[in-house]
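Chain naming follows the written order as A, B and C, and within any one chain the residues start at number 1.
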Amino acid sequence: MQFDLNPDRLLPPEQPTRDIARTLYESVKDLPIISPHGHVPISWFAEEQHFSDPTSLFITPDHYVTRVLHTCGESLADLGVNQKDFTPEQARNAFLLLGKHWAAFAGTPMRYWFEDSLRNVFGITRQFGPETAGEIYDELNALLATDDFTTRKLVKKFNISFISTTDDPVDDLHLHDQVAADKEFGVRVAPCFRPDKYLEPARVDWPELVAALGKAAGVDTSTYDGFYEAMRRRRLYFKEHGAVASDHSHADAGTARLTDAEARDLYAQALKGSISKTDATRLRRHFVNDQAKLAQSDGLTMTIHPAVYRNYDYQNFVDFGPDTGADIPDKVDFAAGLRPLLNEYGNNPDFHFVAFTMDETEYSRSLGPLAGFYPALYVGAPWWFIDAPEPILRYFQAVVTAAGFTKLSGFIDDTRALCSIPARHDMNRRLTSRFVATLVADHRLSLDEGLQIVHDAVCAQPAKVFKL
Amino acid sequence: MQFDLNPDRLLPPEQPTRDIARTLYESVKDLPIISPHGHVPISWFAEEQHFSDPTSLFITPDHYVTRVLHTCGESLADLGVNQKDFTPEQARNAFLLLGKHWAAFAGTPMRYWFEDSLRNVFGITRQFGPETAGEIYDELNALLATDDFTTRKLVKKFNISFISTTDDPVDDLHLHDQVAADKEFGVRVAPCFRPDKYLEPARVDWPELVAALGKAAGVDTSTYDGFYEAMRRRRLYFKEHGAVASDHSHADAGTARLTDAEARDLYAQALKGSISKTDATRLRRHFVNDQAKLAQSDGLTMTIHPAVYRNYDYQNFVDFGPDTGADIPDKVDFAAGLRPLLNEYGNNPDFHFVAFTMDETEYSRSLGPLAGFYPALYVGAPWWFIDAPEPILRYFQAVVTAAGFTKLSGFIDDTRALCSIPARHDMNRRLTSRFVATLVADHRLSLDEGLQIVHDAVCAQPAKVFKL
Amino acid sequence: MQFDLNPDRLLPPEQPTRDIARTLYESVKDLPIISPHGHVPISWFAEEQHFSDPTSLFITPDHYVTRVLHTCGESLADLGVNQKDFTPEQARNAFLLLGKHWAAFAGTPMRYWFEDSLRNVFGITRQFGPETAGEIYDELNALLATDDFTTRKLVKKFNISFISTTDDPVDDLHLHDQVAADKEFGVRVAPCFRPDKYLEPARVDWPELVAALGKAAGVDTSTYDGFYEAMRRRRLYFKEHGAVASDHSHADAGTARLTDAEARDLYAQALKGSISKTDATRLRRHFVNDQAKLAQSDGLTMTIHPAVYRNYDYQNFVDFGPDTGADIPDKVDFAAGLRPLLNEYGNNPDFHFVAFTMDETEYSRSLGPLAGFYPALYVGAPWWFIDAPEPILRYFQAVVTAAGFTKLSGFIDDTRALCSIPARHDMNRRLTSRFVATLVADHRLSLDEGLQIVHDAVCAQPAKVFKL
């Protein structure tokens, strides 16, 4: 069956909103992509790499996809997850499994992104499904072997003007330096400071992590003051190497500070491994607050996306490791959790603080009102499970009336699935146009204002929030 | 005033979505009804019974209706609730009260179902309301006295292919056997294993319940091991007599196991009446986990719908008993509560576990993501207070992007209001068509895919989930 | 740029719903305004006052507006908040700031109300924005100096038939008496009994407050019994002076009673300043329950809107005081909190109890079901942060299927921004028409029923709920 993408997909089907949305979308669809948060490995930008096969591009590393196949009853092992030796035949079989279970993806954004990628990146014109998965696999495989579909070629083809990776604080960032020095490449790639595990004193490996941090920073981290200084230096190091943001994900949104004395004391206990669970949580919240404190001077934008049960399924974690689709969103309480941080730093307009969530109840109840008062706070776009048409529209409907458009984060794709990046950004542009079109159709905005708003949403707003 | 049901009711009013929805709905509207969970008494299927009057059919047993009349200021006594001697005159007056307060039902599904029943089951052509309630009562009364409107005639008229009752674990199910043996009847009627009260060790009557269970099972239930064995046997007994599911409703979604030793100890305490409230809750959560454990071998689908304040109003409970409209939904936390159960049994695709909720915040935050990973888990359709057009559409909009269509439970009517069954299923088919039509209109699905999805939603999906 | 308000603004853009909504809206748009809860100072009704300038009318007292300018990085001081000497030049500059940041208001109701006020109250025909703010300021300033735009002239122009202020229990209400005696004025203005601070025994100034209450009531309040009697008398005093309601806002929805002995004991502790935080909360919940108890005899409608973090930002409170935009909604649990109150008084149809919330999750989960059972309970319209088009439509979509239209509170504007009152009521009429139009378009209601419902929503329903 021949397949093509309808040019009006995701735009409102009814008139007069459709025509307005078309006009809005046309005005932004070809603008360069700004991707301020994501998980593409820096090595893909540093070297002209070939993907070994379509499965390692589209399935194995993408927990959005593997989790659906898992719920269809397939083993993650058969999808290549955490497999040391995964043969070409196994890879092809994994792709056939995707075809077999294609009906399970109906209505999900994964299907949308995948079809968009097949058509727009690889020029596939057959409808993907159980019958065609094999042929399409072979077609993709052949294309990936050519020089037109290497990592760097793809990125350039995608018209990305800025993209951020996500990096360990002890990383020396030499690959980032290499990419930055490569004038021919022409895409700005920034590292992002992601210190999560160094801020979790309850981890059994925390003393080693802290020691490694100290080594990277050239500071003795055997005391809290040394730890704080090491963090300060590594953040600056990241900034000097192009970073614009730090990124944080912990079990809750807590940010209460301890007294200096208590922080020092709990830090010492944590290093000895004698800290209680409760105190470890209190110390972690203090550490998160510290990151905001440090941002007051180094100016990195701070992004948080708390409250996920990581590795919800114990055996799955043992067998396949983290980030394989068994993470589940938790409730979050931003108003209570962020109060210390916002009271201390929220009134500083030069501090940029973005809160992401998958707990949609927080949009109208706390994040909208908070961002409608605190200059520092921006409401993060829907991510992960709610980076999909219906929830994205709900997000706009919940946040804009309280916080307006100028306190939104702009879109982030947050993905390690390289080929989905243009599809994701395009989807968001369509949905932003759709929402703004409803305001124009309601006579709440003029069309000219609508055009300005969708343009800003794609360009000016992320550039402002992430200080590009 | 003449009244008729618009054939397009509940379909999207705007083009082009309306035409798509019409096509989808037309394709499923006449399919047989599968009703995997409900509360119609088995005796209605076993014998050709006459309803004594319209009030005892439409008002007295239906807490959806009585609660609205109560909030209008009427006493439940005047509606026949818990009344031993309710005269024909009182019954007619109760129906007049429904007419008097008909405006209070505007916008509610109860109005929708009632009008649908009047027109499609009884052929009433007058608009129901304060002026016509009496005449319509008399008209219905005359019809109910005929042989065309007995319980079994109605069920056959409704084109029901499968229907489940809800039953006590000690029931000998002889009426079910009788119905099953009645080849002429032609409707498959299954019992459902509903052990709630036997799993609540805090109840004052729990020791007697447990003794009765033991007697029914032929096992000594004076120990935990005996209790477990009795449960095992009674579930098997139910299965042998046609059951496909067990059904559970407790105050929370907790499923944490105790150690065997602790379970035995707390069980003994509970039998002696010396168990603490906290331990009773812990033991109950263990019992619920046991039901999932037993399902691994007997294969019954397990459905839960936790977190309702039963008998919220104390005096109402004293005066009128349970299930009279004074039950109120509570918050629920599936991610935390189900973690033990899902970690242990959730990866077994042969175990089918359906979670229903009235806490809509859980759909996108936890149930969608959980069902998008665990093969065992299906997201239950909106029930009770949210079995209504707007919440049903919200459910689809919240769940499908995360879990797709193949991890939905399919519709359940959950009702004891016999005549509302076809209206409820028809309403759901209209709304399913409406939602799927939006995806087709958005160019996210082809019309052919949409047709397949609505057909599966009505037939294949409930048959799969409940292993019919 | 010329600017006008589209007559169809906020009505559904698509046919056939648009035409239905137009018909509904036309039928109610010119009806008099009933405003049962608000914050306009009584002095504005008592005397013919001139507003000193547009900023003191539109910006300084309106925390909806100041918070947005604050999040844009402006200091509240520059907006005149809590400034003793604010010069005409500063006032004009504040208005220029509003113009400068006008884009930040796109999509918010504040923009909608402001434009509506400019056009409909002051006849401004220029588009407000950075370039025109100065000229419009001067134009408004000139109009405010005339006798056509005094406080009383405005109120009469707005076609308000009933409006409530919000008042301190110790107020002697002489200004209300003066307004009531002024037969020429012709607007019914009622005080509202708002005892919040007298019910908070944890406040450091509570002993003085209680003493002042006693003095006003002519009762010795050194004991709990005296306090209760003082409350009883002041409520009656308010009722005799025109009040129809008491209004309550505390940190949670708790209403549990203490025993009399415990209440007396904790009251004594509180007066001595020795009460614990926990006990102060328990005593406050008892006090709130007392207010409901008193309403059983005096008949005042009781409205609550709990769960807001007042003065969330500490330094902002120190610098600028309360009600300046730094209040943030909190989660609320109505089902648990209200259970004691509803069990005791909820079945009394003569008791009218209205629960407002900004925690939208409560609408379908608890408030709809509770109001669908308890005659006393009405679900309050969306207020404050959620008094905006999208959340108002969500409110209808969440509540009506469970509780119908007859258990809604009707609209309240809750504002101190005088000129926004007609715009707010008009916005609500448009949105009510929009929602009801969807039910008509769905063939769930006839057009005649829709017309009745929107008319009742504007007139009969608030008159019933507030016993006007």
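What we mean here is this: a contact is a pair of C-beta atoms (placed from the backbone, for glycine too) under 8 Å apart; a residue touches a chain by one contact, two chains touch by 3 or more.
Fair warning: this is a prediction, and the values are worked out from it, not measured in the lab.
J.: Upon optimal superposition of subunit A on subunit B over Cα atoms, what rotation angle is obtained, reported to the nearest 5 degrees?
T.: 120
J.: Count the residue numbers both subunit A and subunit C use at their shared interface, divide by all numbers used there, and answer same if that is over half, different if under half.
T.: Here the answer is different, because the shared fraction of interface numbers falls below one half.
J.: Taking each chain's centre as the mean position of its Cα atoms, how many Å separate subunit A from subunit C?
T.: That pair's centroid distance is 40 Å.
J.: Name the residues of subunit B that each touch 2 or more other chains.
T.: Counting only residues that touch two or more other chains, subunit B contributes 14, 361.
J.: Quick one: in the complex, what on subunit C touches subunit A?
T.: Those in contact with subunit A are residues 5-6, 8-11, 13-14, 67-68, 70-73, 103-109, 111-112, 309, 312-316, 325-331, 358-361, 385-386, 388-391, 394.
J.: Report the residues of subunit A in contact with subunit C in the complex, numbered from low to high.
T.: 14-17, 333, 335-336, 339, 342-343, 346-347, 349, 361, 364-366, 368-375, 377, 397-398, 400-407, 438-439, 441-445, 449, 452-453
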